[in-house]
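Structure first, then comments.
Labels A, B, C and D are assigned to the chains in the order they are written; within every chain, residues are numbered from 1.
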């Protein structure tokens, strides 16, 4: 490859955008040619993020479609919900490839989007065209595309933990309960009492019980895999840490399957996919074991007393749950090895 | 009352023991006359706990039954599992009142204890006699007793959250799933990798999935209330904070009951009991809202889509889950107002 | 005492105000008769602070001088800098006693206030009249007063650690360097990037180096004690925790004085004052050892190699550094035992 | 380069060793051929460190000189103090290159080592030969060597912050006070009360005041640069986080030099050295801005009122303070670009 693919990041001053930048800097086939911020254009990126001093010195560009089209080949839109719905069509129109990190193109049914996001949905035709880039499940469909809708953080951890069992018919899809816990960076860089240090530190909170907007995203994918309508119980919690999501999932086992059976089933399902790691019997993953990396680690415990399986799945919400999977999707779109630029070991401790 | 009740604490250099001391110092009818430690006798308590300097200066006594009987009227045994089983009979024999904070007298069936604790059970007759001091449920039985078995931390948060609904027949006891999260102080002051700062900080872990020794304690109480054998799915997690437990609980609703119905049911069940607080509709408690206090706060969300109720219950594991409830039990044993010495406001933030 | 002193708290929805409320609830001679908030009047206090549910149910009052004068005898003004300057004269005029927790009445020289606070100073006559309520140093002056200016958090930890040595002439006041570290609650409940969880957690920051507004407050008191103009080097840092301040202080020792000499000097200086505790030789206090309490703990290390002494002083910034000392000042104003309502043991762990 | 340099890590199951592994995995010219642990040989590395599952599967070797010499060209000894003193001579004897991360070869004077480390010093001849690998200061001496003594964490942050000013004569070396704060990972993976979560979380502690073993290491380098004996006041603190060191340093300014002068002086001193970054006037670095990376960031504030300069220097203690600088030293030893394998962006947030 003679020349590198030129990448622009819209939303460079958010946590998702900054994380896309971190990974792209080590990507062998990509160079960052524009960092874009609607709110801070004209400033230097390192003013708000001194950790990037002497590394990234580019001035922040404004959101200007013509300029983006001139500077870049691909755009990562790490923009708020509602913004992407309007921005992405213009970027595609201008001939750019797009990986969208927002929730605007994940739900096929605009009315469901409207119900859960309280915003107007994106253009119907584009929604129909958008592929849901859960790489280890739908990655084949992503290859060669110009536009991918990147999954949400909770759905990524949850679906990678549930889909092999649902696809195999080993668990009753109507019995699924998902108890999810997230670090606070998932709430973004905007200031509010819910991310105020003194309110979060030494505190564990439930929030949006039965009301989180990622619920229909999870149900849509499970419905597709199960071949019948699936609704789930989904609870979200904030845990006093910055990064990491754990989904602890419960379901009735159909028939008799042991821990070892589940482990084997999942190892086969994810064979050849480096970013999913299955724990041995009696071991459960912890969020720190994937910190800063694109891994999703999964463990199992079948309880004969209750006939239920407990599945524990962890990711770094900003990496596999956002920026890392976005780059993995770019790799798939371009026909590259999906691990390019993502081969970083988790940071421990 | 002319003279105060004299109290001894065995296990004064553990977190549970220190917390008993903190509360007893403000108790109007009790004075601490002996602080006891098997491992540090002869030292001053404030050597290991400088926060008690100039407050508690007593030398640590050894575990000497005759000496305890001479110095005290009541003993709090904040001792490891297996130790209480041997110590408590001697203390009772010596005419002392006892509140036992260990797990040794909670399970009626010695063989169940042996299975889950991997230790020999306590004397059968004493097990039969021991009353399980979950104050807001079984408090009437505690009145006038000389010996109470204080509940575990997870069971306290869990049972206070489930029992009114199980007792009313509003939820299917065979559908109960308990996803519990605890701060690290629950693991005690002994050093191990599981409480090593660098391994816990910025980390969220599952542990003992389906294997926690508090499982049969929860099932025994639910079985009693339901009037039929109940087994539950119970998962424990460590969250990177010191104090606090949240149990997020899931069950199928029998019939049709709204959030408001559950709120009303629980308010009636706990009427007159100051330490249980029921949240308004759409509000869920956070662990920090009970930090340092004897409260248990509970919230509800019924989901019509799934027919399930989600119940969120929080306590401070060292207070309502240990030392605070132990003193509440003493108050009940003595026929005092159950709130004596426990009227401290949660510390926030 | 037949009737209780009636207290109002202005700024009840800030961290300082909430902490005044926590302590006053256990005060034997005071009852809270009005909780006041300029921004949330009409709401219930427990809406923003569910930890106070079933404990404090009073509606929040507006800032109305006539109403306060009707309801209360004493007012705690936990108001932002600039607000107290205008409010306090009106409250005094209305015949109320006032303990002011802001920085508006601490500096005698209005022009110094203007330089460091960038606001107009309070009325000159009232500034002259205001007594600086550092209880263990200037407490005698507080007795019988109607109005006290409560010290800042950093100055309290720092001055209690320095004044006995400066007063004795044991250290060179021109050599003083103060390296202070604070938990984040000191920044208040207002949201901003500097108290955003993801920016603070797992981070240690210096801020306002040589520019903190508490500098002149420290210098004014040291100048008074030393009898000559003193300027200090004062650095402030944020440490990833909610509560607690440590001031690590350095100075040249005049003459030859050992660790033991300093310990003895300080024990004598603070004799009879329960809230200052001096550590033994070779022991240094940690912030958690005063968590939630009104203590200030101090330790010493003299280094013969350099001729310098290192003094380590810790407080809970919201208690001894704000609400606790404010109540201690009220106790002194009223001629009561200074420990009334403040006898709470630190919470550990 | 056809073949890669083969590296062994002794002490692979410590935090320093694991961090050497993380960076070497991305090093273009090095391959890991042996991971060694005296305590866990025979086990798989990923048993204790599941974050390395599917990444590193090698069995842990025992400490066997002949085996190491067969498998490797270079050895990183991340071993406890006292162990390296005996191990390194054997490794050198066997013809291996060595980067030693312990404190055993940093102090030229064996008696000083004995005083501060309470252990027997290493062989005198080898001590004389050992070069102190503070890369940005003594890096020229490292080139072509077979053995380097890697600096300590506190000395790295401190010396990079002080040396340019001392070398220029801009500060009085006899006035230097160093107030250092570290995350808890610096205490290693061995369990003890000082790294127990419940004792560290929400706590800020001073420890080893005037007694830390890094004191003579700092003084030795400053003495060399100043050309006269230098003793310093050095205080260490634990801050409730895992990684990161900040040294806040104070000194009298010789003559008149502004913030801008210092910034310019340091930029010149470190010209061409990518891993030291100088902050702009009025900006001070925070530890999170170097998290997970090999950077050392430095900021300045000159105070005209006191005639002192405050210098703030931050590093990641496990990277620039240990593993990262060790690899930087290897790069220098081999004559490679010093940044090879180390070009990772700090992780933020």
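Methods note: a contact is a pair of C-beta atoms (placed from the backbone, for glycine too) under 8 Å apart; a residue touches a chain by one contact, two chains touch by 3 or more.
Quantities reported herein were computed from a predicted structural model and do not represent experimental measurements.
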| message | Counting contact pairs by residue number and requiring over half to coincide, which of A-D, C-D or B-D is equivalent to B-C? | response | A-D
| said: Per the definition at the top, count C-beta pairs in contact and tell me whether A-D or A-C has more. | reply: A-D
| Chain centre separation (chain A, chain C; CA means) in Å | 46
| message | Distance between chain A and chain B based on Cα centroids, please, to the nearest Å. | response | 39
| Roughly how many whole angstrom separate the Cα centroids of chain A and chain D? | 36
| note | Note: chain C residues in touch with at least two other chains are 15, 183, 185, 198, 201-202, 240-243, 285-286, 288, 291, 349
| Footprint of chain B on chain C - complex, ascending | 15, 18, 21-22, 25-26, 49-55, 185, 201-202, 242-243, 274, 277, 279, 283, 285-286, 288-293, 297, 343-349
| said: Considering only the defined contacts, which chain A positions touch chain B in the complex? | reply: 177, 179, 181, 183, 198-199, 201-207, 209-210, 231-233, 235, 237, 239-244, 246, 248, 250, 284-288, 291, 299, 301, 303, 305-306, 308, 310, 312, 314, 349
| Residue numbers on chain B that touch chain D, as the complex places them | 15, 184-185, 189, 191-193, 195-198, 200-202, 240-242
